[in-house]
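Below are structures written as structure tokens.
The following pair of complexes shares a single chain, chain A, combined with chain B in the former and chain C in the latter.
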Partner chain A sequence: MRSHRPYTPWLLTAPALLWLAVFSLWPALNTSVLSFTNVHTLSGGSFIGLRNYSLMWQDPHLRDAILNTLVFMAVCVPLLTILPLLLALLVQRTLPFMGFFRTVFYFPVIASAVVVAMIWQWLLDDRGLVNGLARQAGLIHSALPFLTDRWLLLFSAIALTVWKGLGYYMVLYLSALGNVRRELHEAAAVDGAGAVRRFRSVTVPGVRGTMALVAMLVAVNAMRVFAELYVLGGRTGGIGGQDVSLVMLIQQAASGADGRLGYASALSVLLFLLTVGPLLLLARWNRRED
Partner chain B sequence: MPRIRTLLALATALAALAGCGVGGGSGDAAKQTVATDSPLKGEITFQTWSLKNDKFTPYFTALIKDFENQHPGTTVNWADQPGDGYADKVTSQVTGGSLPDVVNLPPDIAHGVAKAGGLLDLGRNVPTLNQDYVGSGLKAYTYPDLGSATYGLPWYLGTDVSFWNKAMMQRDGLDPSKPPRTFGELVAAAKVMHDRSGGKDYLMSRPPGLSDIVNSGTRLMTPDGKKFTFNTDGAAAMLDEYTAAYKAGYLPSNVLTSTYEGNSALFVKQQVAWTTAGGNYIQSVQQSDPSLAPQIVPSPALDTAPLYVQGVSVAARSKNLPLALAFAQFVTDNANQVAFIKLAPGYLPGTAAAASDPAYSKSDGTAQGDAAVYAYQDMQKAVNFTPPQWTDAMNTALNQQIALAMTGKESSRQALENAVDQADRLLAQ
Partner chain C sequence: MPREAGRRRSPVFDAVTPLGLTARYLTLLVVLAITVGPMLWELSTSLKSAAEDVYTATPRLLPAHPTTAAYDQVSRTVPIARFALNSLIVAVFCVGGNLAGATAAGYALARLEFRGRRLVLGLFLATLVLPGEVTVISQYQTVARLGFSDSLVGVALPSMIGALNVLLMRNAFLAIPVELEDAAVLDGANVWQRLRYLGLPSVKGTLSVIAILTFIGAWDDFLWPLLVLQSPDKLTLTVGLSYLHSVFSADPRTMAAGTMIALIPVLVLFTALQRFFFRGVGEGAVKG
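Here is the complex of A and B:
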């Protein structure tokens, strides 16, 4: 069927394009422009060339922020790509109370990230439940420094993120698994394939597109991590600011009546570039697999 | 399909960048002489900070009515902003061009607005400024980096008084009638409380900050305000003492983490026996926790007391500057300030005539009355610790370095060197 009205697709997509232009494209371009200025919340705005970008490398927290953000992404992407798939396979079955379990697994998704992080904060405190139970069980003598040790705090935030995100990605996989034809599993079983082999050779290829999408979404969200680290580590980003993320650095630079908006914009551009890289790699990997 | 996914990835990343985007703002300094000889007329808006409540609303309603009666044909609209996020609110008002004509601003917020050219130079427009208002208050609104202009009329002055939990001190073998007067005495008393209570009760419960550095005899900045200088032996020794106290368990273990509730919250929970607050603290605890109030004993602040100033500024872009200036002077004149302070014992008027009034040095014999007298006495020699150049980002950097020192990850000296480096770098931006 040939369209005689070539403007029809543009007309239909116009609202979405307008939305994208006003709320994504324009702010992104504006941020890029501001990154070359010395604009503060209430003053400035002169063009200063690449000064903000050169200042970045003198920032004692930038290296920590990049490392923390990349570790966060590197750990979250595989965990949140694989675990929700396994969870979806478990709850996909039609057994009694399965609806209940699906709801329970999804429940953390609807809880506020800040509220959840605060609950974890109290669980992981020196005098919190986790340390208390470990002490009572005789596993430890002094409290594990979940909230003061750099790496323990970072991995606590990762654990929180994974726990909170499982349900959301599980739902995406449940939808994708519904499209994997049952006959393929039956044929593989007849050919003698076990559960693991069927998972590798039937399930994974059937949901590969969803896996790529999930990996991309997790990667972007991990690069933008804020609330989990902010609440667990405090506004300074843990002891000495060793657990800051890139978004926390942006927030610290831009907030207050003396916010350094130009510098924060330069950090935003850096975050954008660091986010695009892994996304393109994932997209390329997925294209090759297709 | 693969191309669509690539586009999707790019669009998502773009959205991330847009999400991190920030707006811009600018402002030009506005210095002008206001014509005060023409009759006052028209309408202005007056903004206060967290003062619309049962206690203060009748005062402001009467104050505005009084002014309007004295100047027929004028209207003053009163707006009050909530306590939290006031700096952000004022910032958005400045960038949006909607800063009220007359506005209550503390010196640190006023500095940012003045720097953007948003406030009227009152030194140029109030000829009797230096005679009418206290010097320490005027100094707080005169910024070395902005020349000799003054951007606020001192309204009320406050300081910190020490408050002690009598029952906790007695339980742990300390005499509440002789509370610590210096930081050294505080650490010694904290040890007694810790040892006697088996580590359950605390006297100290906050990490050190800028005020502790100043109290160590350290100068924060060079006189020209262009470099920070608090990386001194005195400040390092003070930080060493805090570090030793923290390691010995005299401070709660979570004082450096996100689960730390703050000194005043722990005091109200009676887990901590010492806090600092304004001179009217007992009066407010009486309302929020009547069972705790009788247990509170006040004493003068440790070492040098901090000076907190509140002032009234005039927006440089007000469309009715004569009326705005007249009302700002009316709000802060001696009679109105004295009437205002009667509602808030423990604070002092910012007028020269009232600030040294000996009436404020007489207690009614209650603990609240004693606290108000201590506040009055401390305010005579109190110091505004925070330079206007000191920003949130600098404070974060200092707190980060203090935490590293207190956990033994860095020496006190190195932590202070790092904090000074970072503060200087931020100042230069």
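Here is the complex of A and C:
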């Protein structure tokens, strides 16, 4: 017997498919086409072949952006793969107040990156809390230029990203840890394995898949950084304009009265090529887990 | 939850030593200070009076004379209530659209046989590898051509049905035993009745996770509204704040008050709903 009319599934999927087509598939195609044109916000433009791409390699800002992204990834991937796992282990047990800690550790995740960046900007101000406390403790004599120095600004943005990401990845680990068999821990404990040993030979193998997932997510997210650097660096990427990210360059190229949409699209294609590798690995791994 | 602790306790592994417990809670308190410290400092700054030196060399967490003067100052400087309302409108549209659209599509993909189902599913999966930042430029062109640039509709529209949410809903519906569904079909229940009385009650966890995350995502979003909006009365909170920031960055108290107005509503919302969130996450609503 029929469980439904033939058109019912299409009726149900139609809105989602329409959105997918208009706001994902078409923009994806259109972006690649635009990347070969010199279209501006106000003017049609024409095809210019690979000019945008050759222009890109002479763009000193792009070189800065890629260097910054690499530094971001090099610091964030190890920190955000390991610290949230330790945090998840701390709050995983059913002890008093654990629900409270879990909820509060998730607060930075819920906060907008803009809000967080503004909070940190005030903390890291020349006359802000961090410099004030460090000076009082006698660690420094003059304020550290967290928000103006090319590298300190980048590392401030990285610290902010790690701070904001801890809770998010902690929750991913929590749901993975729920599946690690408790008996393994108990057996190991009976055999006299200490906490560190149990962590290495029971916990880590049990969540290895999630660790790979987290590492790749962190890497991809490092390439998508925008608001953190945009706000901390005062919209321009710091005083010398060197603290930019790829997404910032896309935004900069496209904004203004007559934005360079063609060039911004070429940068978008580059961003896609950089992120798609890890994401495909991730999708494949996800399917295998299912 | 002491009740659960009692039930699950095993003598060997759960023999908690006082030393171990102390170390655990001390570590947790340190992490707590690091996570909420910056937010508390911002809150404290926003409540300090103009007479109190916020730059003082010996920082004081508690304001000497707490006042909401900075909050009045923000609303005199920019239409912050309007910004908040705009953010709320966008967030509500996104939540509504995603709950309806993702439920419908997710149910069809999980529970209805039809030709082309695998292809449709593949399309939704494929867009997951497409970061939103890659398509913003072209998306902006599309929204502008539809006549929605510089409007709240334009901000909300593209994220009203997310591919990830469709897949999450599909997963949730897949978890319902097929036998139940078959029995309902035999009883003559139509698709709508099966979705309404069999499907929806079983996927509340995933629905609440989608609602919470969509609301927060829309409220916090920055890059997209920054591209779409220009008129000062249409800005959402995040864009409005960055504007406030670039024009009036002089007074830290005012800035702090502005950030608190953007931060507190989502924190309250999340705290009120965290039970559903963590339960939904436990059911596997968040996976990759």
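As a convention for this text, the second predicted complex is superposed on the first by the 253 of 290 C-alpha atoms of A that agree within 3 Å, B and C clash if a C-alpha of one lies under 4 Å from a C-alpha of the other, contacts with A are read in each partner's own complex, and residues count from 1 in each chain.
In the analysis below, contacts are C-beta pairs under 8 Å (C-beta built on N, C-alpha and C of every residue); 3 or more make two chains touch, one makes a residue touch a chain.
What you are looking at is a predicted structure, and each value in this text was computed from that prediction instead of being measured.
Engineer: Does chain B (first) or chain C (second) touch A:115, or do both, or does neither?
Structural biologist: second
Engineer: In the superposed arrangement, does chain B or chain C reach more residues of chain A?
Structural biologist: Larger number of chain A residues touched: C.
Engineer: Does chain B (first) or chain C (second) touch A:241, or do both, or does neither?
Structural biologist: Only chain B is touched by A:241; chain C is not.
Engineer: Would you sort A:252 into first (chain B), second (chain C), both or neither based on which partner it touches?
Structural biologist: first
Engineer: Name the contact category of A:137: first (chain B only), second (chain C only), both, or neither.
Structural biologist: In the superposition, A:137 touches no partner, neither chain B nor chain C.
Engineer: Looking at the overlay, does A:34 come into contact with chain B only (first), chain C only (second), both, or neither?
Structural biologist: A:34 contacts both chain B and chain C.
Engineer: Going by the contact rule set out at the top, does A:125 touch chain B (first), chain C (second), both, or neither?
Structural biologist: both
Engineer: Which partner does A:60 reach: the first (chain B), the second (chain C), both, or neither?
Structural biologist: First partner only.
Engineer: Quick one: is A:265 in contact with chain B, with chain C, with both, or with neither? Answer first, second, both or neither.
Structural biologist: Both partners.
Engineer: Looking at A:279, would you say it contacts chain B, chain C, both, or neither? Reply first, second, both or neither.
Structural biologist: Both: A:279 reaches chain B and chain C.
Engineer: For chain A, which residues belong to both interfaces, chain B and chain C?
Structural biologist: Residues 20, 23-25, 27-28, 30-31, 34, 122, 125, 127, 213, 217, 220, 223-224, 231, 234-235, 247, 250, 254-255, 261, 264-265, 268-269, 271-272, 275-276, 279-280, 282-283, 286 of chain A touch both chain B and chain C.
Engineer: For a test of understanding, state which residues of chain A touch chain C in their complex under the given definition.
Structural biologist: For chain A paired with chain C, touching residues are 1, 3-4, 6, 8-10, 12-13, 15-17, 19-20, 22-28, 30-31, 34, 87, 90-91, 94-96, 99, 101-108, 110-115, 118-120, 122-123, 125, 127-129, 132-133, 135-136, 163, 166-167, 171-172, 174-175, 178, 182, 185-186, 189-190, 213, 217, 220, 223-224, 226-227, 230-231, 234-235, 247, 250-251, 254-255, 261, 264-265, 268-269, 271-272, 275-276, 279-280, 282-283, 286.
Engineer: Under the touch definition given earlier, write down the residues of chain C that touch chain A in their complex.
Structural biologist: Residues in contact with chain A: 1-2, 4-5, 8, 10, 12-13, 16, 21, 24, 27-28, 31-32, 34-36, 38-39, 41-42, 45, 55-59, 100-102, 104-105, 107-109, 112-114, 117, 120, 123-125, 127-131, 133-142, 157-158, 160-161, 163, 166, 185-186, 190-191, 216, 219-223, 226-227, 237-238, 241-242, 245-246, 252, 255-256, 258-259, 262-263, 266-267, 270-271, 274, 278, 281-282, 284, 286-288.
Engineer: Under the touch definition given earlier, write down the residues of chain B that touch chain A in their complex.
Structural biologist: So the residues of chain B touching chain A come out as 1-2, 5-6, 8-27, 87-88, 90-91, 94-95, 108-109, 112-113, 115-116, 118, 253-254, 256-260, 391-393, 396-397, 399-401, 403-404, 407, 409-410, 418, 422, 425-426, 429.
Engineer: In the complex formed with chain B, which residues of chain A make contact?
Structural biologist: 20, 23-25, 27-28, 30-31, 34, 37-45, 55, 58, 60, 121-122, 125-127, 143, 147-148, 209, 212-213, 216-217, 220, 223-224, 231-237, 239-241, 247, 250, 252-261, 263-265, 267-269, 271-272, 275-276, 279-280, 282-283, 286-287, 290
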